[in-house]
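Naming follows writing order (A, B, C, D, E and F), and every chain is counted from residue 1.
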Amino acid sequence: MDQFYSLWMSSGIMQMQAGQLIMMVVGLVLLYLAIGKGFEPLLLVPIGFGTILANIPGAGFDAAPVYNALGTMESPGGLLYYVYHGGIETGLFPLIIFMGVGAMTDFGPLLANPKTLLLGAAAQVGIFVTVLGAVALGHFGILDFSIREAASIGIIGGADGPTAIFVTSKLAPDLLGAIAVAAYSYMALVPIIQPPIMRALTTDAERKIKMHQLRPVSKAERIVFPLSLLVLVALLLPDAAPLLGMFCFGNLMRESGVVNRLSDTTQNALINIVTIFLGLGVGSKMSAEKFLNPETMGILLLGAVAFCIGTASGVIMAKVMNRFSKEQINPLIGAAGVSAVPMAARVANKVGLEANPQNFLLMHAMGPNVAGVIGSAVAAGVMINLVSGM
Amino acid sequence: MDQFYSLWMSSGIMQMQAGQLIMMVVGLVLLYLAIGKGFEPLLLVPIGFGTILANIPGAGFDAAPVYNALGTMESPGGLLYYVYHGGIETGLFPLIIFMGVGAMTDFGPLLANPKTLLLGAAAQVGIFVTVLGAVALGHFGILDFSIREAASIGIIGGADGPTAIFVTSKLAPDLLGAIAVAAYSYMALVPIIQPPIMRALTTDAERKIKMHQLRPVSKAERIVFPLSLLVLVALLLPDAAPLLGMFCFGNLMRESGVVNRLSDTTQNALINIVTIFLGLGVGSKMSAEKFLNPETMGILLLGAVAFCIGTASGVIMAKVMNRFSKEQINPLIGAAGVSAVPMAARVANKVGLEANPQNFLLMHAMGPNVAGVIGSAVAAGVMINLVSGM
Amino acid sequence: MDQFYSLWMSSGIMQMQAGQLIMMVVGLVLLYLAIGKGFEPLLLVPIGFGTILANIPGAGFDAAPVYNALGTMESPGGLLYYVYHGGIETGLFPLIIFMGVGAMTDFGPLLANPKTLLLGAAAQVGIFVTVLGAVALGHFGILDFSIREAASIGIIGGADGPTAIFVTSKLAPDLLGAIAVAAYSYMALVPIIQPPIMRALTTDAERKIKMHQLRPVSKAERIVFPLSLLVLVALLLPDAAPLLGMFCFGNLMRESGVVNRLSDTTQNALINIVTIFLGLGVGSKMSAEKFLNPETMGILLLGAVAFCIGTASGVIMAKVMNRFSKEQINPLIGAAGVSAVPMAARVANKVGLEANPQNFLLMHAMGPNVAGVIGSAVAAGVMINLVSGM
Amino acid sequence: MDATLIDQGIDLLLYGMGTVFAFLTLLVAVTSLMSVIVNKLVVEVAPIAPVAIAPQSSVDPRIVKVIQAAIDQHRAS
Amino acid sequence: MDATLIDQGIDLLLYGMGTVFAFLTLLVAVTSLMSVIVNKLVVEVAPIAPVAIAPQSSVDPRIVKVIQAAIDQHRAS
Amino acid sequence: MDATLIDQGIDLLLYGMGTVFAFLTLLVAVTSLMSVIVNKLVVEVAPIAPVAIAPQSSVDPRIVKVIQAAIDQHRAS
């Protein structure tokens, strides 16, 4: 009977700690949100499942490999251990995802109306105000965030998952689980979070503003743009170069038209494979001691605040620009500056159609939408640079 | 002439040892079986080719890299070295394959008739009886297997390649080549090995039993099933969690319907890439000193025994179940419980059609067939747990 | 203002060295050649982009990771660091590419006319004469190449990118950037470099020679050929086994017809993914101190010489063969022996059509063309063997 | 030691097969229960589905309403 | 120390947003300029394109030449 | 040392090209031989193939048999 006793003692039930059980429920909730509610399933299905796997007591999914003194492996590590340390700690997975996103991005609307870059800049205010909020919570003794942690929390407001994961894995890896979950959850909640803010900050007349049709953009412009952006980043903001460099590389493969087979694989097999393992790896950081604490509540709260401020800043920026320009912008497209491509652009379109059923804002909103990706990557670069020096 | 002499001395002919030459012939035989006879070519082509590559004298396919004291690489390792240590020793490749198999598995027939899980359980008797056989061979001084080696040999009876590779790479990596070859060869021989046993253990009347058409299975059941299985594994048998966790993850991606692009890549590009390198890596363990010995003969023999006992147990279990249940099961589908998906189910169908040309057992046999995958993964988990404690 | 000052001091403009700026321009020129001129874009787009990324000051694309005394990562390495050390230094990427090329290669024309293998042999004269040229430059005190460097330079004449990268990463990794760029550039220039040489060495009558239609080649021959080649390499030239072994493996997957899904993935997703990272990794070796020096000029010059000699040798060999054989070969197809598949074969076809608009040489030129791949892989093996012993 | 090895083999057989059978028998129960619960929940939720699918019929629902109103009026008259 | 943390937060806000705005404003300028230059160059290069595409017209250019010659002859007569 | 370098280069040229030619010449022989052997074996096996392909003809083989039988009968009469 010793064997049954040993099997039973090593069973999940006997080893399970309360925290692990709760985290497995958290994983199931994430899966429910992803599958039942359609919240960013491409990431939340792997993250939710990874959360469950990482919290199975005794399964060793994030166990480190053990080597003897001669360097021979005595017991292999767990799958999530290799995934996390190979792909996330090194920053490789977010960068490859960014390459794939670049290969999927159409900069046409942005090139037709480059001013919308400013909307993508404005929406990053949410990031930095939230950093201030996080340190303020520390100041008032409510929660205790370091400046590195505060910076990582702020980046949730960038509404860009891989950027958030890239920054957090560099500045505050312990918060990776909570921040990634918050980032993707709020991206999924864009259709619920944004419209009230957009309506509150605009008049009916503003929401009815019709925008000129976008000019056609030549193939040459599309090819030269990622290179221009790359050179500018190289000259001015090298800390943003990893993210934006890979983004521009993906986009150049797409637009150059001479490496279609590479571009196709980047947009399909490669980004899919990396997405699966990125999600699983993030899930491996969803342990009870790192997730079940007041800080996570603070992160979720601050993340929501960051999103709201970002949305509001984008809308207000559009109104400010209308003051100084003859060519009027519908301020609703300012909300798309948070990125969350293409959801935020669709939301702008939908709210616009409510005000005027003939007013199609989708393509106009794609400009600030992709500008928001650039904006938050720039913000990430600045953040990493400044915080590393603090 | 020194150079020609040196070239000649470093040529394969001059360095070749008899063992290497024989192993290259073994590799060619595996390729012949795969290409000429259609034996599980997806694995046996890479394994056979890997066998040849690993045995080319002086080619260094499984050479370790050499670093100098400063950690700089002085000479790179061979491709098979990296593949084996990166993907097989770590357990990553079998786990990713299991994820892919999960994404390819339709649990519908099993969900329509969950009792067939018991057939998948019964067929694992072959595994454990074979373990006993292997240690008995040791007891009688015929061959010398440790308990870890015996456990790895038994798992051949699971008729599941990645499970066998996963267990063996943990418990007895030196036997990996022989066990993987035996596992895949017997899986390919299912249409030859199983029918005589199935006919011997059943009456003509039993083989003619017609089964009710399976009820339709709802999408919700399909989604909840992998999660239920995962939770059960997590609570009771964490040692089976790596294999079954990845299997359930793949299946959830498939059935959830919200991550089709991830599921597609898992079923195609990802599993194909990993299959190629898994096969090559297994081939790298096919060296003369590890393969050309009496133990390999024992492994091949015991593997065949395991297969036969598993088949028989499945059939007998079906007959036992018929004693206690009004709803009759055609005992032929019990043989599909060994797994070897979908070959064993097809064999059950074929033998059934011989007895009654109107009796289509294929879908009914798919239930025990996929149950056999679960069963052998559970057996693998128990085995790893118990043997590690011995 | 400290922060702005710090940001400014860490900006690219302030940190940029002249060499880096020039290398970024070199990267842009490579991109222009690839996109604007269609020079081997599949490799030159990633190499060009990688060149720019690697030379962004402060971006750390090829920074090594930093670990503390406990082995915990303090700062991750750059993407190009991981790509280079994981895929190029280890030789894995060129080998996987070779597997993919094998899966894409049709040996039919070669099997129909095996004598054309001699043309593929002759064209490798360019490789070895160039090695001699490189050491001669050293002898006359013009440039300073070691024998390992000279061997790597010579291999440019093989007109086979992955072979050149494989050899150079083993023998002279510092020259990798220059040699890869030269190899791919000259491969792209085949339509410009080859025709004058071909015309100069042949009479109009020779260029008009019509060749017999190729006999059909059976499936069995196609399957057995890669295995025969593998066995011959294993017996005689193990140093060529890594490259030719993977090449034959890819080809066997293609021709066996039983592992089509593996062959498809090898020809698409896998080779595309590896091509992207191979290119980026080569780009990471394009640093100013390694590229902007007189040696690079020498490499470019010697590479061109190697190409020309290889082309000429192929043509002359064809003429020699015509002396000793009744069945006449059009000497133009000898030029295809340099490899550069399928560009060189197309050039032979085009020059042939100029002489006789009814003379289609394309399929005849495919024989020496793929023979050239084998020839340069053999030359690479000999070179690695001989040079390592010097 | 040899005897121990056989003992270990017997232990593996007994406890191994015991666990496999116990686990899969439990899984039969859990799966059956799961199917019942899930399908019950799905049936409760189901009534919404047909309505949602309704507009896919080739006749516009508003036209259906108009026709229904006309029929009702006709019957009432 | 807490006060320093808030100072750091304020610094991040000011310098961070400052840099983001500065960079993207510059990018607006660079992009606009780039579009102008690139499209100008493309227009200058463009005249070549239609010519290059011309042979794709369904009429063989040699036949066009023959017809043109016939017309010229006719006009000359 | 320089002289040695040139010597090494000459050695590489001679032994390198020698090996390349020897190997590929041998490969010509091996390939030709292989083709002969393989095709001979395939031919021996071949007679099965046409039969296997036969049913693909548009006329049902049983009908062919019937017709053949009718013809035979006709000739016999």
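Definition applied: contacts are C-beta pairs under 8 Å (C-beta built on N, C-alpha and C of every residue); 3 or more make two chains touch, one makes a residue touch a chain.
The shown structure was predicted, so the numbers you read here are calculated from the model rather than taken from an experiment.
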Hopping only between chains that touch, the fewest steps from subunit B to subunit E number 2
Using the contact definition given at the top, which chains are in touch with both subunit B and subunit F?
C
Averaging each chain's C-alpha atoms to get its centre, pick out the one most distant from subunit C.
D
Let me spell it out: compute each chain's centre from its C-alpha atoms, then which one is farthest from subunit A's centre?
F
So, what's the distance in Å between the C-alpha centres of subunit F and subunit C?
30
Would you kindly tell me how far, in whole Å, the mean C-alpha position of subunit E lies from that of subunit D?
56
Would you mind listing the residues of subunit A that make contact with two or more other chains?
3, 7, 236-237, 268-269, 382, 386
Which positions in subunit D touch two or more other chains at once?
11, 15, 19
What part of subunit B is in contact with subunit D in the complex they form?
110-111, 114-115, 117-118, 120-122, 124-125, 127-129, 131-132, 134-136, 138-139, 146-147, 150-151, 154, 217-218, 220-221, 224-225, 228-229, 232, 236-237, 371, 374-375, 378-379, 382-383, 386-387, 390
For the complex, give me every residue of subunit D touching subunit B.
2-3, 5-6, 8-13, 15-17, 19-21, 23-28, 30-32, 34-35, 38-39, 41-42
Please give the residue numbers of subunit B that touch subunit A in the complex, ascending.
85, 89-92, 95, 169-170, 223, 227, 230-231, 233-239, 241-242, 245-246, 249, 252-253, 256-259, 261-262, 264-266, 268-270, 382, 385-386, 389
For a test of understanding, state which residues of subunit C touch subunit A in their complex under the given definition.
3, 6-7, 10-13, 15-16, 24, 28, 31, 34-35, 38, 41-42, 45-46, 49, 52-53, 56-61, 65, 73, 75-79, 82, 268-269, 272-273, 275-276, 280
